[in-house]
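Got some structures for you, see below.
Consider the two complexes below, in which chain A is the common component and chain B and chain C are the respective partners.
Showing the complex of A and B:
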């Protein structure tokens, strides 16, 4: 067996160990260690991606001496490796770019705990992506749930505690429902590994005995993971959760954590339940409708917001609606579009969540639109990142958002039902217009100097001793004066964001490479 | 005279100003929000008609809320019961789905060397899940530390501090005699029992999680009956984190080694031991000890953090 096949195991176990190790280090060392370690993980995952792509087949890896169906297993194919690579890249960039804000938001004595949480979260992400066992999925869902609450609460302002409690309650409901589903599936099939479970489920569907618990299990798992990822009626926790947490956390939560649940759901649908059985219990139809509702209502909620972070958070609800619409359309095209949207949104939303806090920082730490007047001139890089992110969200060609919308259109045309096709096209059109409405409005706001913008405001300047509040007079557009950053600080913020932007452009310009990879990965699922 | 577009660009008005948004001013401080609420309530109270309307709104919202909550719970319970009624009855073997469990029962002893099949299942057959599960506990400890450990942002008020110190001092000097004597008598017994449960994990029901919980409970009883000062003498944050680090590090690497050798078809060279003896079950005993130590530290850490916001002495 080639040595490269061990890399998924190494990356999961080493991430778990790094989580423990970081509690022993000092804050700054923990950050350097985490950055280096994430780099190593990215290299290993890229190697797995290249290897599986070259082999043209996925491989399973037995965890221990006991093969399936008795022991645990993980599985790596092109799709798993690609998703893991994107997730890791986003986590890496978010942590580095948010480092400046972390130093202000998180108490110095707890910085190492933050990186411990990040490492445990990475382990959970990787394990959930690679797992070939439905119960392993549940165990790492637990870690992911806990760590994501930790990412919110670490800022220690009253609002984050409140947001974390809300998020935790909803998430635990989701975990509980997922666990009920796993128990039901185990009871009727007697297996926890995905492949033997799938065989038993096919037999059940053929004989028709035990269809009621199976239907119930599918429904409960869908609702459970739907709550966790923010499916249409369950998206109202998003703004508090994403909006108040420290920028790295906001970017990671919105971009990676919710997508990881969706990827697990797709994996369960395709590898455990199977598309035919899924169609028999009418899940795709329901997800299609809920996805479209999410697209429209998420955007409508976003339009009404007066704070930039809450607006971006609600736009996540709309984007997650796209993914569920893709799952609802079904077929290779539908799932390809859904997974491409996962990747595209992952890269774009993290960029937006990293740009907005910098814009707020030069506007007196205010996230309100009325105070952000002209802030892009005060923070030029952040303004640039925000405008590119917005263009991708709206779906302008050469950015990732355009390709994903194109793929959704193709999937709608391919699904074979005229009513579904028309609904998809209508939903795409309405949602794009709504997206454009609130993103363009924000871009105009931050790029117009304005006479009656902030003439006077409180500006918070981070210094070595901590934060110092200074009063700003007049509408000068000088980045150097307000919240001035040294060159190294600029670089740690700008370079990771540039990486995210480059990935975004690659997804737009060389879209077919990625679409090809995703399709090949999907075919390996069966 | 400026036109509308110019005004929009200058930030004099926003398009979305037409949509009034209910009470959400994210930039305001807590005091300011309280003031706004107070002002709102005062205005409502002034006018008897609005007061009536608001009271009606609140009452009807509450009724609808409770009604929907109860109905959805009842519907969910009904659906679950309906689905579960199709499952095999309790105690009846489901031959259809017994392939895996039968193998665990029939071959478990031979393959894992553990008399206790459950220990063999969680620490050998499905060891990867348990590796994750023990890190769930560690994650919880980290989160409670983030949430409760005192730092510059998370300070007790002086009054609370005063009472904590006074209470501790009271219990140290004139602690309840019956409590402390009973504690001194009970704690060693509980610790020995915890160790027994821990070390017999591969032979009888028990193991790391339950044994560790018993040992943690013993330490909590000790701290509660004889005061934190005596615990601080031997249990500090440094010790706790080193023990957790060593135990979980050992766990990760031992299991990583077993996974690696198992998957690559290399003989791992871990002796299984005589079934029934204390040294049996391969890695199960050392892993149980590692898990038990982590659980005990976590339990006591929770108690200590909830009680006074730190683990171990103040370091002064």
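Showing the complex of A and C:
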């Protein structure tokens, strides 16, 4: 059983190696290899989860010969393993379910590079989740930025390149600020590992000498990771980035990548800064307000959108607001709610982003609501997935979204401040109503019989830069062409989506198991 | 206040550089200038780190003339961090430049606002 302690490092190194290997394989082989490899990683991470849960304690893995205050470390506890497991599952399902769209969007000779990027992204995700060293965190933040940029730009149309460069610029601002914060923390503490750093920070807070640089460091780290994850004033890059990229990229970026930054932030707050010092610099209060603003304004922006992907992207902004509100509430309940929301949103949003392109495909490749009329009848599975995803987003019981809202309510009641409790409840109520407004509207739209989308069909046109999907009007005789997937195509789309839906239902029905795991993992943080 | 700034002039310059780079990266509309801004911003951080890591009068941590006391040498970690940071910054610059080239080939301009307008005309909001 001791051997399991090697698994976190193995999974990171093997992912990096797979990234290189995929550049040498043909597209289809690269996909099969990646799917098998992700399966292996999921098994390894599940083993780590079971092991740490059984031991009841986390373990650190020392790399090289230098012990604690100097070397580099990996740390795995219940929470890290659980988060990594969910991230890997979502990446696995998104890649498989988006495979058919990928074949259209990406030039055949470049398909293997896509999987190379996916493997590197997996390595970065795992390293950021497991690391116990803040500078390693920075390096893998940059790797994650570069690979997610690759995921966007792989679909070679003008809009994605523009979206990629805007995403890149904002992310560079974010990582520059994060680097400045890390350097400041290193200068005042003299350590890079999280545990010795935390001890020094407690001394600083006690003596009061050096509080100004500490406040600045916490501030710039928060803003840096806030920009990257889409905290309230910085969420306007989301619709272009998620809406135009190929479906698996959109699902991975919205569901996993932004959450990974938040998880690192939570880890830094709890393991490096510590909740007392965090309260001294007023960060939770600011995050609480920004989170609530994000919940309301994200939803308000989503209501006004005319295209389904833009609506889902803005709803991501609202959901990320929930997570920051949880961090702002603080305490074990607040953080549990925030982390449960990370998991719940991860599973739900990827399902929605995988359902919408299929609905668009049977409506003349148009994501506009007016063309999506009745699309759920033409793509029955995708329609079903969209309904279940929407129900979870709104917060209907038995789905994950309900549990996370319940947890936020409990956290609000537990935080001990009446004003915060009332604000939380109000924000939850308003946000749920807004969510219901735009998701139910969309569900009604896709389930009302109509003609508009049917008059157009998708054709694949070869251009100088490769194949693109385009719309041809008035081609009724092509009606059989769309919607007609072969059985294997159906299966590669439906099965991964069913897995996501099953995880979602599990999170709703057996919520206490997950809440218990998260709480146990949080306690291991201290 | 001013005397503290003068004593720590390296750090002060580093923060000024960071500010210049940050504003360039955020507010310039020209993509190449944005990238230059990003590099200036990173340079500011590296200067900050390198100057904080250096103690005047001490040497690089390679044992010379058999001197073994810790007080004779500086900490090698900040220099290592700066090197790592430079590598990251170079690779990020390379990727962003390649994206810039791709945009320039398509739209024949480097102004981000113009590119945005052109791309909106090119594809309707689907």
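The rule is short, and it goes like this: the second predicted complex is superposed on the first by the 492 of 526 C-alpha atoms of A that agree within 3 Å, B and C clash if a C-alpha of one lies under 4 Å from a C-alpha of the other, contacts with A are read in each partner's own complex, and residues count from 1 in each chain.
Note that in this section contacts are C-beta pairs under 8 Å (C-beta built on N, C-alpha and C of every residue); 3 or more make two chains touch, one makes a residue touch a chain.
Since the model is a prediction, treat every value here as computed from it, not as a measurement.
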Partner chain(s) touched by A:116 [first = chain B, second = chain C, both, neither]: first
A:187 touches, of chain B and chain C: first, second, both or neither? both
Partner chain(s) touched by A:366 [first = chain B, second = chain C, both, neither]: both
Contacts of A:162 with chain B and chain C, given as first, second, both or neither: second
In the superposition, chain B vs chain C on chain A residues touched: B
Partner chain(s) touched by A:299 [first = chain B, second = chain C, both, neither]: neither
Chain B versus chain C as contact partner of A:179, first or second or both or neither: second
Residues of chain A at both interfaces, chain B in one complex, chain C in the other: 135, 139, 142, 146, 149-150, 153, 157-158, 161, 180, 186-187, 192, 306-307, 310, 366-368
Sites on chain B touched by chain A in the complex: 8-12, 14-16, 19, 21, 24-27, 30, 79-80, 82-84, 86-88, 94, 96-101, 103-104, 111, 124-129, 131-133, 135-136, 138-140, 142-143, 145-147, 149, 151-154, 241-242, 244-245, 248-249, 252-253, 255-256, 258-260, 262-265, 268
Chain A residues within the chain C interface of the complex: 135, 138-139, 142, 145-146, 149-150, 153, 157-159, 161-162, 164-166, 168-169, 172-173, 176, 179-180, 183, 186-187, 192, 306-307, 310, 360, 365-368
Chain A residues touching chain B - in the complex, by the definition given at the top: 1, 5-6, 9-10, 13, 16-17, 19-21, 23-24, 61-66, 69-72, 74, 107-110, 113-114, 116-117, 120, 123, 127, 133, 135-136, 139-140, 142-143, 146-147, 149-150, 153-154, 156-158, 161, 180, 184, 186-192, 200, 210, 212-213, 215-217, 243, 303-307, 309-310, 366-371, 373, 441, 444-445, 448, 450-453
Chain A partner contacts - residues on chain C that touch it in the complex: 18, 21-22, 25-26, 31, 34, 38, 41-42, 45, 48-49, 52, 77-78, 81, 84-85, 88, 91-92, 95-96, 99-100, 102-103, 106-107, 112, 115-116, 118-119, 122-123, 125-126
